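The structures considered in this document are given below.
After this come two complexes, each holding chain A, first together with chain B and then together with chain C.
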Partner chain A sequence: MTTSDLLILCAAGMLVSAYLMVGQKALFTTIRLYALQSLLLGIVAATIAVSESRHELFVTAAITVVLKAMLIPWFLMRIIDKIGIHREIEPFLSVPASLLVCLGLTVVGYRVSTGFPEGARGVSHHLIGVALSMLLVGLFLMVTRKKAITQILALLTVENAVFLVAIGVTPGMPLVVELGIAFDVIVAVLLLGILVQRIVDRFESMDVSRLSKLKG
Partner chain B sequence: MAPMIPDALRAFSLAVLQAAGLLALAPLLKTAIKKMKARLQNRQGPPLLQGYYDLAKLLRKEPVRSETASWVFVAGPRVYFGAAVAATTLVPVLVAAAPLEGAGGILLLVGTLALGRFALATAALDTGSAFGGMGASRDMTIAALAEPALMLGLFASALAAGSLNLGSLVRSVLQHGITFHPSDLLAFAGLFIIVIAETGRIPVDNPATHLELTMIHEAMVLEYAGPDLALVEWASAVKELLYLTLLVDLFMPVGMATSARPVAIVVALLAWAGKVFLLAIAVTITESTNAKLRLFRVPELVSISLGLAFLALAIRFL
Partner chain C sequence: MVGGLLLTFGLCVATARQFLGGAVPAAFGDALRVDGLSALVLVLCGYVGLVSSTYGVGYLRRNEARNLVTSRMRREFYGLIPFYVFAMLLVSMSNNLGIMWIAVELTTLASVFLITFHDTDTSLEAGWKFLVLGSLGLAFALLGTVLLFAAGQGHLGEGMAALNWTRFIQVASSLHPFTLRLGVVFALIGYGTKAGLAPMHTWKPDAYREAPSPAGLLMAVGMLNGALYCVLRIHLISKAALGPAFSGDLLLTLGLLSVAIATPFILVQWNLKRLLAYSSIEHVGIMAVGVGLGGRAGAFGALLHMTYHSLAKPVAFLSAGTLAQLHSSSNFDRIGTGTFSRAPVASGLLVLATLMITGSPPFGLFFSEMTILKAGFFSPHVTATSIFLAALVVLFCGFAFQIGGLVLGPPRDPKDRRVPLPERFDVGMATAIVVAIVAIVSAFYLPASMLALIHAATQVVWEGA
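Now for the complex of A and B:
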């Protein structure tokens, strides 16, 4: 198995996990899928670090695995345990319908990726294709789900997609920027976690569509 | 490569040999999954030969059939069994060629399995009992959804090799070496869900229950007893082994023999057994960590696999 095989395998795994997230209603499983996705992203970063001897990517890989594959999932699971809401009951769109839409989005993402000069062929074609598809699927998930936790996970999926391109295709970001992004993600998840608890306190539900009742 | 399509007699004897081998090993696989599942639940589980004992016991009994049953009821298990045995000759197991691959490829395989299912569903309707009809209707509902996904998943692999023939598909992978494409993983994930659905494993059906409201396959064959039941159970076990072998063939054919040297055959046998065992572990874990879905949520699960399989096919073109 060569390096590019491993990269493609991990990227495809990330796409499958994003896809399964769409088909999943149990929040715990969705969080585990996100953790798996982040773990695969970490493997991608470590693989590139070894194969192209870009040692700063080891830091990225470590941050990704510790923060996104362990800490954030643990934090989100704790929130779910605390508020006791375990399932996405009724999304705006039924599961088969959202899967169909995501199919279309993936095809679009893959098709668009061929427009980039780097995306013409080979590994970077698949990396850009997978990342664009995940980006679109994440955005779609964000607008069609009602539960605040699912929306957070969708946002994090989008962030994973952006990271995948940044690591796999570009020459890389400065470490300062990467640390900044990592810090942003922590703060965002913490804030959103607190927000979710506030929403649940007020409405006894995570359903963000109820927030429209706040309008005077 | 040497001509892989030997003369008719040799192909026929190879087919008989392969069918006999898979028939002999199928009950073992079924019991092994049962045993592993039991161990995960801190139970002892049945002895590994239990599958054979059950079949021997059922085959010794006399068949009990309803007075209203016609020949369709008698023919059902026999056609089902025959279809499963015929399907074993269309799949490469140890050597990178299916014994009867001249007869047809993927389409024939899927068609043969569908014929068996049709015969069993018709037979279940024959006695006019409520359970048979309900089971047949449920089984056909799931099959109607699973079959397109199975076809799409198989086509995604066939597209890479440029052939619908399973033998030449495997040979082309072995020749060119494995080249990873994201479509492989998508197709594998889709087909794995289909295998779970088609073999009646837990998120879809529970093989260990006879509860009225939940059973699907078991409801369909509820009226069979003795040798008839033995044929159905045996054929189901063979089908399960066949599906796992199919996954091995399509996605990890490494180690398969390309010549008839004894050493290569032994290596291939070990590799095949190991890979099927790994997949069996995956099936066991899926069964143990998931709860059975409500019948009306099964289409959701199958639509996931349909989506994955379609995507696997679409990505090949992009």
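Now for the complex of A and C:
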């Protein structure tokens, strides 16, 4: 298997995991899917780091795996355990319909990706296509789901998509910036987690569609 | 805290003076760099930080007197406000797009706990919406930054300096157009969310209502200026590479939409602080229209508007905050009408502030709005300018109707047992009065150095240097 095969396989795996998240209602599984997606992102980064000897990408890969494939999923699972809510309720749109919409979004993502200049790597076209599709699927997940945890996961999927673009089309963001971004992401997730706990304490539910007092 | 922020404001002014003296203060390999635009935003943010902290001390003391303040609240308040100001100042000095993003994210993180400060149902709702929408906006901004970086591949060079705004401007003509366009759109939407441009404005009314007034003020002026600073930086890269029309038209559209959307919500508003939030959406819209119209006059109008808005908005926030605190709520039905007889100073200041922020002569915002309108009618966008003018008129009427009813209406039902607190002279009120005097004086006499600063900032926005 060549490097480009591996890259395309991993990227496709990320997209599939995003699709599975759309079709999934058990929250634990959704979190595991996110962890898998982040792991694949880490592998993509590491593969490019090896094949193009861009060693700073190893740092990106390490941050991604430790932070997003292990730490954040662990934290989210702990919250779910604590509050004892394990399943997503019926989304605003049924699962088959959602998957069809996501299919359309993937077509749009790939269509937009054709506008980019052909990089040195032929695979970068696929990486961007997958990334833009994931971005749209993440946004879709965000607007159709009601549980606070699912919304956090949707946000993190969007974040992963942005990182895939960063790895796929740029020679790597400066390291300081990357560290800063990683730090901000983890703090944001921590805050979201704390807010979820406070919301559950008060509303005895983490159904965000109940947060509807403020209007006008 | 007040002393620290006084010192900070002093340092901001000193930095701006250094800039006016001909120097371009820079640090960390140009990651932080103060040009005209930075200097202007820096001074305004420093001023708002000082006002907000001084008023904040009074605000907390009033609540302490009623035993509403826990030690957690005190810790959060005195920790988060300075941190917020720090993050805002970092935004306004950043020349590096990566640092800029990180700093904006820091302001978001700092404000979440300020919004949920009072720990009520509605404040949790507002905090959640703010954090989710804000994070989404920032994810977009990050994607935009990444795409801008990708557009300059091979031209921007290596290392940290590759993300410097000045570098982008230097190599603007060789940026890849498609990638750049996509990046600009994402970045403008992302930072536009933070600035509260419609249709990404929905977090604003909730957040303003729930946050304690000093923190609301930081968001309404500091955050708004900071986010607009980011929007302008992105606009300038796009302008240098693609010409003024692409991002200019986008800004014009978003700006007009903001002004138009604010109109109906102001007319039917039920809450004083939410009213101010819609006013803030309107004003950021006006600034975006000013920049989007293009031309030197439009840019000057927008920056003049930013300055006067930063001076006038605190008056509105501090007086509205005081009224809300006296009545333990910012809902119109809880405050009741005829506040003038109960709290003459706060009500008087609120009327004054309303005149200022609706752009009535002889106050500053009238001049800046006139400048933008004039720029608009001399530009090809005459239709857009006409819509803009119509919306401004309706907004003025809406505000006059709402605030007039609140302040001058018939006095409260004497049988109502929720008696409001009496107005007392304290640090908070003193701050409000001083801020009002500054705002009035600035309408007639803007110091020459301040005007020079606005012109320098206009130079940056107009010529990108």
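Heads up, the rule we're going with is that the second predicted complex is superposed on the first by the 210 of 216 C-alpha atoms of A that agree within 3 Å, B and C clash if a C-alpha of one lies under 4 Å from a C-alpha of the other, contacts with A are read in each partner's own complex, and residues count from 1 in each chain.
Operating definition for what follows: a residue touches a chain if its C-beta (ideal position, glycine included) is under 8 Å from a C-beta of that chain, and two chains touch if they have at least 3 such contacts.
Being a predicted model, the structure only gives us computed values, none of them experimental.
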item	value
First, second, both or neither for A:101, with chain B first and chain C second	neither
Chain A residues touched - chain C or chain B, whichever exceeds	C
First, second, both or neither for A:186, with chain B first and chain C second	neither
Chain B versus chain C as contact partner of A:50, first or second or both or neither	neither
Which of chain B and chain C A:71 touches, first, second, both or neither	neither
First, second, both or neither for A:111, with chain B first and chain C second	first
Touched partner set for A:93, first chain B, second chain C, both or neither	neither
First (chain B), second (chain C), both or neither touched by A:174	second
Chain B versus chain C as contact partner of A:166, first or second or both or neither	second
Touching partner for A:59 - first (chain B), second (chain C), both, neither	neither
Doubly contacted residues of chain A, that is, touched by chain B and again by chain C	none
Chain C partner contacts - residues on chain A that touch it in the complex	112, 115-117, 135, 139, 142, 148, 151, 155, 158-159, 161-162, 165-166, 169-171, 173-174, 176-177, 180-181, 184, 187-188, 191-192, 195, 198-199, 202-203, 208, 211-214, 216
Chain A-touching residues of chain B, taken from the complex the two chains share	178-186, 189, 299-301, 303-304, 307-308, 310-311, 314-315, 318
Contacting residues of chain A [partner chain B, same complex]	1, 4-5, 8-9, 11-13, 15-16, 19-20, 23, 95-96, 99-100, 102-103, 106-107, 110-111, 113-114, 126, 129-130
List of chain C residues in touch with chain A within their complex	96, 98-99, 101-102, 105-106, 108-109, 112-113, 116, 119, 121-122, 124-129, 131-132, 135-136, 139, 142-143, 146-147, 149-150, 153, 159-160, 162-163, 176, 178-179, 182, 205-206, 209, 265, 268-270, 274
